[in-house]
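Each of the next two complexes has chain A plus one other chain: chain B in the first, chain C in the second.
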Partner chain A sequence: MSADNFLEVRGLKKYFDVGRPTWFSGESRSLHAVDGVDFTLRHSEVIALVGESGCGKSTLALLLMGLEDPTAGTVTFEGRDITHLDDHQRKDLRRKIQMVFQDPYESLNPTQNIEEIVTEPLAVHGIANTPDRDERVKKAMEDAGLKPAEVYLKRYPHELSGGQRQRVVIAAALVLEPEIILADEPVSMLDVSIRAEIINLLAELRITRQIAVIFITHDLGSVGFFADRVAVMYLGRIVEIGTMLEVLEKPQHPYTKALISVIPVPNPRLRHERIILQGETPNPIDIPSGCRFHPRCPVAFATCKVSDPPFVTLSKTHQAACLLLVK
Partner chain B sequence: MKRWRYLSGKISWALFTILFVIVLNFFLFRILPGDPARAGVRDPRLTRENIEAIRVRYGLDKPIINCFESLNPVKIGSCVVNPLDTQFFIYIGNLLQGDMMISFHTNRPVTEILSERLWNTVILIGAGQILAIIVGVLFGMFSAWKARTSLDYASLTISLVAWSIPTFWLGVILLFWGSNNGMPIAGMSTPGMSSYPLLTQWGDIARHMFLPTLTYTIVYMGEYMLIMRSSLLDVLSEDYILTAKAKGLSIFQILKDHAIKNAMLPLVTIIAINLGFTVGGVIQIETVFSWPGLGMTTVEALNRRDFPVLQGAFLLIAVAVILSNLLADLAYSYLDPRVKTE
Partner chain C sequence: MEAQITTTATAPRFQEFWRVFRRNYMGLVGFIMLVVAIFVALFAPALSPYDPSSTLNVTTSDIYNPPSAAHWLGTDDAGQDVLTNFIFGARVSLTIGFFAAFISLVIGGVLGIIAGFYGGRTEELIMRFTDIMLVIPDLPLMMVVIALTKPSIFNIILVIGLLYWTTTARMVRSQTLAVKSRKFVLRARAIGSGKRHIIRRHILPLVLPILVVQAVLVVSSAVLAESTLSFLGLGDPTALSWGQMLNYAFGRGAMSTGAWWALVVPGFGIVWVVLGLTLLGQGLEQVLNPRLDTHHLMPGRPVVRNEANEDAEKPTGKSPLLEVRNLSIHYINEGSPPARAVENISFNLREGELIGLVGESGCGKTTLMLSLLRLLPSAGQIVNGRVIFNGRDLTALTEDELNSVRWSGISIVFQGAMNALNPVRTVGEQIAEAIIKHLPDFPRESLSARVVELLDLVGIAADHKDHFPHQYSGGMRQRAMIAMALACNPQVIIADEPTTALDVMIQAQILELLDKLRKKLGLAIVFVTHDLGVVAEMCDKVLVMYGGVTAEYADVDVIYNNPKHPYTQELLKAFPDLTKPKKKLSSIPGYPPRLDALPAGCRFAPRCPAAFNRCHTEQPSLHKLGDGHIASCHLVEASK
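On to the complex of A and B.
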C-alpha cells in the first residue's frame, strides 16, 4: 500500500480456547474475540473504533500493543512486520506505540508517586539519565494538562481526581514521545463533565505532537468531536469504516444506523425514531452463520442466514459489509 | 503534626487495651474451678491447717475484691473491707511497681521465670517464623508466577496440606523420625553442657532447635504461601501491570517495582500479628518437644492454678500482640501511601 499507511492491520484474528476437549465432548471450542480485522492508520490521524462491549475492541488493542499474540493476520508498522516479535525486538517499538487504559483508578501503581510513574518509562528505555530528563517529564506533564508540573510531582495517585489520574496516564505515555497512542475507552470511567476535557486533550496532542490516536469507545456520540475516521465493530469484525462524516451522516450498515439512532439529540425537533436492536450480542463462541449480524438485524432477509457479506466500497474512503449494498 | 496525632491515637488505644487485659487476667483465672492451694501440692496428707497456711502465705485468704470473698456469686462477703487489702488491689498495686508477685509453685518471682522462658520461646519461634516467611513468600511468588500450571497446583496442594496438618501430629511424626536419626528430641540442651565452651553449647541448642523449628516452619509456611500467591495474583491482574508491560518493562522489573511491593501489603499485617503470637509460643510444639518456653510454662501454671505466672504470661502475650499490631499499623502507613496518617 502507499507509504502513508504507517500502521496497517490485515486479517487480524485472535481466538481464545475455552474448554479443552473432554471425554464427553470431543471438540475444543474457541472464542472468536477478533475475527478478521483490516484497517490502516495514517500519520497523525485519529481513528475511532466503536462497538458494543464484548465486540473485541479491547482485544484488538492488546493485539496491536503486542500484549496478546494474534492467531492469524499481520500488523505492519512503518513498513515493518511487527506481528510476532520477541520482548527484546518489541521494546524499541513500545516507545512509539503507547497505550492509555480505561480505568485510571487501576492503571496507576498506588505506591508510586507521580514523578516515579512518569519517569519510569524513561528509565525502562535507558534514557533516564540524560540531562533533559526532568525537562522531558515536565513537558509531558504539562502537555497532558497537569500545570504546573511541580505541584503534582510528589503526589500519589489516590490524591488526584479521576480526570487528573487519566492525565497522569497520558503524561506517562507522552514522555516517550510516541507516534501512536492507543486509547482504550479512556473516558468511560470518568465523570461526564471531564470526558470532554480528556477528549480535547487527545485532539490537541494530535495537532501539537502529530500523534496518531486509535480511540476505542462504545459511545459513538463522543467520537464526533475529533475522529477523522470511524470504524464500527461487531462481534470481532469491522462492519463499516469511513470518514467521520460519512459514517455519522450517511451510515450504510444497519448496525451503524441503529447505533447512531440512539445518540441523544439535544434539539427535540431534530429527534428521529430510534432503532432498538432486539436481543443480546451473540456469544462469540457460537458465531451466527452467514452475516453475523442477521439474528438482530431489522432488515435481514433469507440470504443473510447463509451468506457472509463482503466489504462493499461505497466511496474512496467508505466501506461497509452488508448484503443489501451488494446489488 | 498529623502523623503525631495519628501515632498518639494509636498508642493511647494500645494502652487502654493493655489496661483492660490487666483487669481481665485477674478475674479470668479466678473463675477457674480448683483451689490453687490444693492444686499446687497434690498430697493427700495435707491437713486443713497446712492448706490454710499456704493460703495465708500467698494472700489467698483475703477477699478477692470488696463484697466478694471469692468469685462465687452465692457467697457474698463483707463490703466494708479496706479495698487496699483485697487480692485485686494488691495485684494492681504490685503491678504498678513492676512486681508480678511470686509463683505459687516455685516460689520464684514471676518476672524472673518469664524473662528466662521468654528468651527460649523467642529464639525457637523467631527462627521458625523467619524461615516460614522466607520459604512461604518465595513459594507463593513462584506459584503465582507459574499460576494455573501443574507446578502451581502441586505447590498449592503441598501448602494446603501443610497448613491443615495438626501441629502436634506433625510434631510427633517428626519426633519419631528424629529419634531414629539421632536427633535430640526433648528439651533445649543436653544435660551437663554448661561445662563446655560457649560455641559447643550453642551448637547443642541449635541441634535441639532443629525439629521444633522444622515443625513450625512447615505448618506456617503454608499460610504465607497461600496468602502471597493470591495477593500476587490479584496484583498481577491489575491494569497497572498491563500498563507496565505496555511500557516495555521486563517481567523481572514488573515483579520488582510493581507487583511485589503491592502484594506484600496484606502480608505485613499477617506477619505482624503472627510475630505477636510468637511470644505466646506455640503451646503444642513446646509441649511435644518439651521446650522450656512460655507456652509450656503457661500449660504447667494452668495445671497448678499458679495465678501469678498465668497473669504474667498472659499479660506478656497481650502486650506483644498489641505492640506488634501497633507496629503493623505504622509499617502500613509507611508502605502504603493510601493509608492516611490522620
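On to the complex of A and C.
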C-alpha cells in the first residue's frame, strides 16, 4: 500500500484546559476533545467522519488544518511531518489542504464581492498578479458550478442562496488547486433539495481534479453514495472504520448500528424499529471508564465498565472497537 | 442551470447606502445642517459682509450696536460685525472639531482593533489604560493641560484628540471581538492569510460603520469641548471661534448692556452644529445598524376577505379540530406589487393527528404557520380564507379573543431553541412565566409542581428546573421549548422545523417525544419541515407546498408511494435512501420563485422536468384524486 502515506494521522490528541488550578482548588481539568485518532487518507479518496456533536470531529478538522495545535500524535502529509509547523512553514501546505465550512451564511465576508472572495486566496499566496489569474478564478468558479462565472463575479454573498454561497466557498478553496478538501458539515445548513447538489459537486471534484475529500458529518445518510470509507467517531475516538458498504450494511459497533437505525427512510412502509440512544454524548471532561460508550450502550455488559476495548480487525479494511467482537 | 439568474447590475455599496439613508429624515436633516455649516465655513470670505481683520474706523459708538441694516446681527464689544465674526468663527470651531475627532478616531480605532484582535495581555493592558482614561474627568484635565501649555489651536486640537478616544476604543474593540469570532475569519486563516491581511480585509470593513457613526458623534463632542475651553478663557486668543465670541461677550458686559445678540448668535452656531451632528449620527446608526425593523409584536393588518372567492363546500362528517380553508396571505409593501406568499391553502387536522408541512425554504411554510394565530409581521395580510379551530373562525376574532386561543388552544414550538429562550432566567422560571401569562388565575402554590410535571412530560429531570439555558444541551433546550408549548394544555401544537439544527440521534429523540405526546395527550401536531424523510416516520398526512401553493396533499403512504406532483417526486429523489446506498442523488436544479415575481403559469414549471407549454401559461387548479388526495398539476388532469 504505497499510496498510504498521502495523509497519515497517528495517535492524534487534543486536550483543552478548562480549569486551571485556582486559589481554592488545586485540581486542573482538561477536555479531551480528540483522544487518540488514527487513520490514513489515500490519493483522491473520500472518507466520511461521522459522529454526533461533541464527538470531536470539528476539532479534528481544525487540527488537520493546523488551526489548532495538537497535544500529542502526528500528522504526516506526503511523507513529511506537518504536526507542528509555524505560520511560515504552513503557508505553502495550505495551498494543498483546503477547508469548506458548515455555515455558508457565516463563512463569507459580507463586504466582499464574489470576485474578491475567490481571488483573495491567490493574493494571500502572492500569485494574484500572474497573467492567468482571471482564468484560474473563472475555472474554479465554473468547476464549483457557478456557471457562467461572469454572472456572479460582482455579486455580494447576501444576493446568493445558501447553495450558491457554499459553491463560492468551494470555489475559493479550488482556486488554490488543493489536493485535499476538508468539508466540515458542508450541507447540514442547507435544504434537503440542495444538499444533493453540493454532495454531487464534491463527488465530481474527486474525479475531475483528483481531490481527496474528508467529509465530516453527523448524518450517515448523506455519505452513502460517494464515500469510499466511513469512520464513526464517539467521544474523541474512532469506534468503527471500514468501507462504505461494510459500515452501512454490516455495522459491528452498537453505536454505528444505532446511528444507522435512526436515519430517516423516506417511505412510511419501511418504518422500522429504531435504536434511539437516550441522553447525549457525555461531557468530554469526564470520559466514562472502560468503554467510553458503555453508559449509553444498549448491549453493554459488566466488563464494558472497566475494560477499554481494543480495535478488532474484521476484514482487511474493517475495524471496530467493541468488547463484543473480542473473541 | 443557475445561469437562469440574469445579471442584474449590482448597485455599489454606497448607492445602496444612500437609497436607505435618503428615507431616514432625522439623518438627512442632520446631514443638511452639517453641510450648511461646512459651506459657511468654506466660503466665509465671500459670505461675510465685512473683513474680520479690519479694526479701522471703530469708535466707541460702534460697541454693542443692536441689529441694523448695516450690521444685521449687531456689533460686538470691539465694535465688529457679529455676523462676520460668526461666519469666520465657524471656520475655527469646525476645524478644531474635525481635526480633534480625526486624532481621537485614529487612536481609538487602532487601540480598539489591536485589543480586540490580539487579546490576551495586550488587550488587558490597553483596556485597563482605557478605563483609567475614562474615569479621569476630561474637562479639568484639559483645563490644566491647556493652562500649562500655550493655548493655541494646535494644542487645543491635540488635547481634545488625546482625551476623547476612549468610547471609540471600547466600541471598536467589542465589534472586533464579534467579527473575529465569525467563520469567515477562520476561513481566511485556513487559506493562509496573515494577521495584517485579516485585519485589513476582514475586520476593518466591518468595523468601519461603527467608526463612521462614532466619527460624527466625536466631532460634535470636540466642537462642544472647544467652546467650553474658549468660554473659560482657555481658547486661542488669536482665533475667534464661537466659544471665544461667547467668552468675550460674556466677560465684557454684553449681559449688563442687554446686547443679547452678541451671546445668542455664537450660541446658535454651537447648537446648530452639535444638533446637526447628533441627528446625523443617530440617522447613520439606524441605517448602518438596522435593529429597528418591524417585528411580530407590532399590530398586524386587519383581515380583508374577498367573499366571492370562498369555497362553498361544507365539510362532511365529524368536523375536524383545525380546519384551514382556502387561506391566502399577501405581503403588502407600499410601492410594489403584493408578494403572494400563500395562496389558497386548505387542510384539516383531527385530534391526535400529525400533518407534515413540507417544502423548501421560501415556500411560504412559516408564513402559513404564523398566520394560523395571526402572528404575521405587519406587512402580512390574510386576504382570503378561514382558519376554523373548534368551530370558531380565528380570522374573524378580535385580538383579545384570539389571545385566549393563543397558547391555550394552539401553541408553537419555534425553530432554533437557542434564541427562543431567555439566557438570564432559569428554564423553570420561563415555563412558569408562560403559564402565568396565559392563565393568570393559575394557583401560585401549585405552579412549581406544574413546572416539574411539564418537564417530566418532555423527559427532563426535575433537578434541571433551576438551571439556565446555557447549562442545557441543544436537545434539552428543544425539550424545554416543547414543555413551554404544553404549558396551557393546548390541543394543537405547531412545530416549526423543531429538529433542523439537531444531530440525527437527538432528532430521533425529539421525534419520539412528539409521537409519545400526541398519543398520550391526544395532541394534534402540525410539523413544518424541509425534510421529507423526517415526516415519513410519523405523519398521517402530508401537505407539500411550493411557492406558496399546494403542490400535493395526501395521506402519508400516497405521498411516498404514489406521488402525482413532479415536485413531490423530485423531492423524494433528492433524499438519500440508505436502502440503495450506491444510487446517485438527484437534485432539483434552480430555486423556488421569488414571491413578488411569480411565473405566469404553474409556479414549479421553470424547474419541472415534465413541464410542457401549457404549464408556462396557465396555473393548474387543485385536482381532487379521491381519498382526499389533491395535486395541482396539468399532468394529473390529463391522465384523469
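The working rule: the second predicted complex is superposed on the first by the 317 of 327 C-alpha atoms of A that agree within 3 Å, B and C clash if a C-alpha of one lies under 4 Å from a C-alpha of the other, contacts with A are read in each partner's own complex, and residues count from 1 in each chain.
Assume contacts are C-beta pairs under 8 Å (C-beta built on N, C-alpha and C of every residue); 3 or more make two chains touch, one makes a residue touch a chain.
Quick caveat: nothing in here was measured; it's all calculated off a predicted structure.
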Item checked: Fit or clash between chain C and chain B when superposed on chain A -> clash
Next item on the list: Please indicate which partner A:A196 is in contact with in the superposed arrangement: first for chain B, second for chain C, both, or neither.
Entry: second
Notebook entry, point to check: Touching A:D87 in the superposition: chain B (first), chain C (second), both, neither?
Noted result: both
Notebook entry, point to check: Of the partners chain B and chain C, which touch A:H158 in the superposed model: first, second, both, neither?
Noted result: first
Margin query: Per the contact definition in the header, classify A:V326: touching chain B only (first), chain C only (second), both, or neither.
Written below: neither
Next item on the list: Quick one: name whichever of chain B and chain C touches more residues of chain A.
Entry: C
Check: If you stack the two complexes on chain A, which partner ends up touching A:H125: first (chain B), second (chain C), both, or neither?
Finding: both
Notebook entry, point to check: Taking the superposition as given, does A:I285 touch the first partner, chain B, the second, chain C, both, or neither?
Noted result: neither
Check: So, A:T111: does it touch chain B (first), chain C (second), both, or neither?
Finding: both
Checklist line | chain B versus chain C as contact partner of A:M65, first or second or both or neither | finding: both
Next item on the list: Return first, second, both or neither, reflecting whether A:I207 touches chain B, chain C, both chains, or no partner chain.
Entry: neither
Next item on the list: Would you mind checking which of 43-51, 151-159 or 601-609 on chain C runs into chain B after superposing?
Entry: 151-159
Notebook entry, point to check: Following superposition on chain A, which residues of chain A contact chain B and also contact chain C?
Noted result: 65, 67, 87, 90-91, 94-95, 98-99, 101-103, 106-111, 113, 120-121, 124-125, 156, 169, 172, 176
Item checked: Residues on chain A engaged by chain B in the complex (per definition of touch) -> 65, 67, 87, 90-91, 94-95, 98-99, 101-103, 106-111, 113, 120-121, 124-125, 156, 158, 169, 172, 176
Next item on the list: Write out the stretch or stretches of chain C touching chain A in their complex.
Entry: 2-3, 5-7, 10, 13, 182-184, 186-194, 197, 201-202, 205-206, 360-361, 473-476, 503-509, 512, 530-534, 536-537, 539, 556-557, 560-561, 570-572, 574-579, 581-588, 591
Check: What residues on chain A touch chain C, complex-wise?
Finding: 52-53, 65, 67, 87, 90-91, 94-95, 98-99, 101-103, 106-113, 120-121, 124-125, 145-148, 150-151, 154-156, 159, 161-164, 169, 172, 176, 191-197, 199-200, 218-222, 224-225, 244-245, 248-249, 258-260, 262-271, 274, 276-278, 280
Item checked: chain B to chain A touching residues, read off their complex -> 238-240, 242-250, 253, 257-258, 261-262, 335-338
